[in-house]
Amino acid sequence: MINKKVANVTEACKGVADGMTFMLGGFGLSGIPENAIAELVRLNVNDVTCISNNAGVDDFGLGLLLQKKQIKKMISSYVGENAEFERQMLSGELEVELIPQGTLAQRARAAQSGIPAFYTPAGYGTEVAEGKEAREFNGKMHILEHAFEADFAFVKAWKGDTAGNLIFKGSARNFNPNMCGAATITVAEVEELLPVGSLDPNEVHIPGIFVQRIFQGERYEKRIEQRTVRKK
Amino acid sequence: MALSKEQIAQRIAKEVKDGYYVNLGIGIPTLVANFVRDDIEVEFQSENGVLGMGPFPFEGEEDPDLINAGKQTITALPGASFFDSALSFSMIRGQHVDLTILGAMEVAQNGDIANWKIPGKMVKGMGGAMDLVASAENIIVAMMHTNRAGASKLLKQCSLPLTGVQCVKKIVTNLAVLEVRDGAFHLLERAPGVSVEEIKKATEGDLVVPENVPEMTF
Amino acid sequence: MINKKVANVTEACKGVADGMTFMLGGFGLSGIPENAIAELVRLNVNDVTCISNNAGVDDFGLGLLLQKKQIKKMISSYVGENAEFERQMLSGELEVELIPQGTLAQRARAAQSGIPAFYTPAGYGTEVAEGKEAREFNGKMHILEHAFEADFAFVKAWKGDTAGNLIFKGSARNFNPNMCGAATITVAEVEELLPVGSLDPNEVHIPGIFVQRIFQGERYEKRIEQRTVRKK
Amino acid sequence: MALSKEQIAQRIAKEVKDGYYVNLGIGIPTLVANFVRDDIEVEFQSENGVLGMGPFPFEGEEDPDLINAGKQTITALPGASFFDSALSFSMIRGQHVDLTILGAMEVAQNGDIANWKIPGKMVKGMGGAMDLVASAENIIVAMMHTNRAGASKLLKQCSLPLTGVQCVKKIVTNLAVLEVRDGAFHLLERAPGVSVEEIKKATEGDLVVPENVPEMTF
C-alpha cells in the first residue's frame, strides 16, 4: 500500500502559504481538525480563504485564526456562534460568502468527483442566486453551482490507517468525507492511526486515494458547544 | 389566549403522521419532538448527519461526536444511521424527508420566507434552511404572529432577504393555523380564546377568513 | 423506527406494471437483486425499460427477462456477455442506450440527491454527446447529463434491518447504494434481515430513508461469471 | 522480433511509478500487474469498487462478492477498500487515479481513441472507458500495432466511433513505444530486433522518427 503517514502536524502542513484557500471539515466544533488549526495559528499564515460550514467560537476552532486576523475570506453556511466573526464581518475587515449548507457539501463533493458544475434548487430567488445561471428542470427553477477549488483540505477522522483509509464517528463525520480529495492536498488527522490491514475494507468511509497525508493528532479537546442533557 | 411556544409545538405535532421522516429547525420546531404521539413511528433527521435522532443524553453521557444541527448533544435511537453532509442533503434535496418544520422572521402571502439575515444587523447565515425550503414538498413554519415590536410577520411581501420563494404551505403561530394558498393567508384555526379580529389585526398580508374558524385542538 | 419490512418478494414487487422503468443494481452478476429479477420474470411484466450497468448472461440476471422479451429498452454501459442481448439489439427488437459507466453511476446518484443535472467530461466528442449541451469549464469540455427517472429501483445488500438500513459486501456494493432513493420506490433485498438495533450506525452504507421496502431473499445463487484462480 | 502480449505488459510496467494509483483495462493491461517492480508501492483500482486489488484467489477461495471490472474473481490486499460506483468514478473523474492503461482498436495521431464499438457488428459498450479517457491525465494505450487483417491501428484519423478525443499520450504496441504529441506519432523506442522501416510500414498516421531510436529495455 502507498504510505501516507507523516510524522506530525508540522510535516502534514508543509506547503501552506499566505493567500491560499483551505477547506476544513467539522460542524460547529464537532469533527474539526483541531491539530491542523493549531498549526495554522502557529505558522501564522495570513490572507487565507477558509471554506468551512462554521467559523468556530471565539476561542476555539476557526475562531483562533479569526482572533489573529489570519482569515481574509470565509465561505460558510452558518456563523452564528462567534462574536468576533460578526464584528469583523460587519466592520468590513472580513469578507464573507454565505452559501446554503447543502450547496457547500455538494460543491465539495463535486470537487472530489471531477464534476465541475451542477444544478440545485437551493437559493433560487434569493441573493444567493445573484449572478448565477438559473434554469428550469421538471417545472422547477434551479441555479448553477460550481465545484470548489482549494489548495488544502484539512479533515478529521476517528480511525485511519497508513494507506490513508478513514473511518469517521457519529455526527463528527459531517463535511469531512466530502472534502477529502476536493483540494490539491488533503491532510487527514485521526485519533487513532493504525497499521495497514487493521480496517475492514467494507467499513472504510473514505479510501486512501483521496488523502495525501495522514497523522495521529497529539490530543483532542473535542469541546462541546451546547451541552444539553435530560434528568435520569 | 395566545399560545406559548410549547403549545405551538404541540399543535404542529398533530401534523406529523405515521411513517414520516421529519427535519426540525432550531427553536420552536425542536420542541415538536416532545409532543409527537407515541403510537406512530417517526424518524427525525438532523442535517449534520443523523437519522433516528433520540432525546438529549443523560447527564454524564454527552458525546462530543454526537450533536444535532443546533450543536446540542443528542442521542441516537436503535436503528439510527450516521452519514456525511452531502448524503444528508441528498435526503433533503431529493425529497426523501417528508416534513420540514422551521422558524421564520417573515412569511409572505405568496409563500416566500425570510429567516436568515437582517442586513447590517444580524448575519448568522442560512445554514441548511435554503436547501430545506427549496426542496421540501411539505413545509410548516412555526413562529410568533408578530415580532417583538408588535409588527406582523405575515406580510404582503417580505422586506428581509429571502430564504426561499413560494414554498411555505402552512403556518402555525401563537394566534392561528393558516394555509398559504392562491396568494393569500387562509385562516384555518384560531388559538383557544383568540378572536378572528385579533388575528386580522396581527396580519398585514391578505387574510381569507371562512365563515367558521374553529378553535385549535391539541 | 419506521418499518420497511415486507413479507416476501411478491409483496416487495407490488405495483410493478408494463411499460415501467426499473433501475437494477449489480455489476455483471455480482450484487444483482436475484429474487426481484425472478419475480419480474414470474409476473411477466412487459415493455419495461431497465437501467442496469450490464444485462446479465444468457441464462441468469437480466438475461432471464431478455429471453422472455420483457425488456423494451436497456440503458447500460457494457453488455458484452450476452449473446441473446446482442442478437435482439442488432436485429432492432431491443432498444439500447449505451452510456459511460461513471455517467450511469452519477445519474443515479443525482436522482437520489435531487440534483437534476450536472456536467461531466465523459463522452465529450463522441456519439454519447450528440444532442447534449457542451460547455467548457476550466479549459476542458464537458457535457450536460440529467438525473435518471425511474419507477422502481431494485437493489441487493448483504445485511439490512427492518428500518431499511443497508450494508453491502465487497465489490457487490457497486451501483446498489447509488440507486437507493433514485426511483419512486426502492426495493431492497438482503441476505440477512436483522431487527432494528443490530447494525452499528457508523457502518450503515445506506440509511433506511432511501428504501421503501425490504425483504430477506429466499436464496442466492451468486453465480460467478469468470472464475479465475492461481495455484497454491 | 515483435513483442508478445506479455512483453507489451512488461514494457508498460516500467511506466508505473512508486506511489501510483493505477486503473488497468481488460486484456493486455490486466497483465501489467504481474510485471510491476516489487520495490515500489502501487495500488490497483478496479472501477466496480475496489482499491488495493490483489492477485487472483487460490482455488476454492473465490468470492462471488469480490470481482474486478472484467468480472474475474480477485482478492483484496491488506489496506484495501470497497466503495460504490459513484465514488469509484469520483476517483477517476476527479483525477485521483494517476495512470490509466487500456486497450484500443484505433488511435489517431491527434490522440483520439476508439475502442468500444464496430457499428453493426460489435456493440459491447464503453463500460468505464469513456470516463477514464476523458479524465485521466496519464493514459497509456496497450495494443497490437496492426489488426488481424494487417491494417494499421495508428491512424491519421479514427474510422470507428470515438471513445475520447485528444487524450492518448503514449502507446506501447508489439512493435514500438510512441508518444502522441503535436498531431503526430513520435517514435520513442522499438521492439528488440524490429526495424524503423517495419514500424513505418505498420503506421498509417504521421510518424516522427528521431535520428536514434533505441531498442526497448525491460
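Going by the order they are written in, the chains are A, B, C and D; count residues from 1 in each one.
In this section, a contact is a pair of C-beta atoms (placed from the backbone, for glycine too) under 8 Å apart; a residue touches a chain by one contact, two chains touch by 3 or more.
Because the structure is a prediction, the values reported are computed rather than measured.
Colleague: Look at the interfaces C-D and B-C and say which one is made up of more C-beta pairs in contact.
Modeller: C-D
Colleague: How many angstrom between the C-alpha centroids of chain B and chain A?
Modeller: The answer is 28 Å.
Colleague: In whole angstrom, how far does the Cα centroid of chain A sit from the Cα centroid of chain D?
Modeller: Roughly 36 Å, centre to centre.
Colleague: Two or more other chains touching the same residue: where does that happen in chain C?
Modeller: Answer for chain C, listing residues that touch two or more other chains: 106, 109, 113-115, 120-121, 168-170, 201-202.
Colleague: Going by the contact rule already set, what residues in chain D reach two or more other chains?
Modeller: 76, 82-83, 86, 89, 92-93, 135, in rising order.
Colleague: On the basis of the stated criterion, which chains touch which? Give every pair.
Modeller: A-B, A-C, A-D, B-C, C-D
Colleague: Quick check on the complex: what are the chain D residues that touch chain C?
Modeller: The touching residues are 46-50, 55-74, 76, 82-86, 88-89, 92-93, 112, 116-117, 120, 123-131, 134-135, 161-166.
Colleague: Applying the document's contact rule, which stretches of chain D touch chain A when the two form their complex?
Modeller: 19, 21, 41-43, 45, 51-52, 76-83, 86-87, 89-97, 135
Colleague: Quick one: which bits of chain C touch chain B in the complex? Just the residue numbers, please.
Modeller: Residues 1-3, 109, 111-115, 161-163, 165, 181, 196-197, 199, 201-202, 204, 207-210 of chain C touch chain B in their complex.
Colleague: If you look only at chain A, which of its residues touch chain C in the complex?
Modeller: 106, 110, 113-121, 137-138, 140, 142, 146, 167-170, 201-203
Colleague: Inside the complex, what are the residues of chain C that reach chain D?
Modeller: 27-31, 53, 76-81, 86, 89-90, 96, 98-106, 108-109, 120-128, 158, 168-178, 205, 222-232
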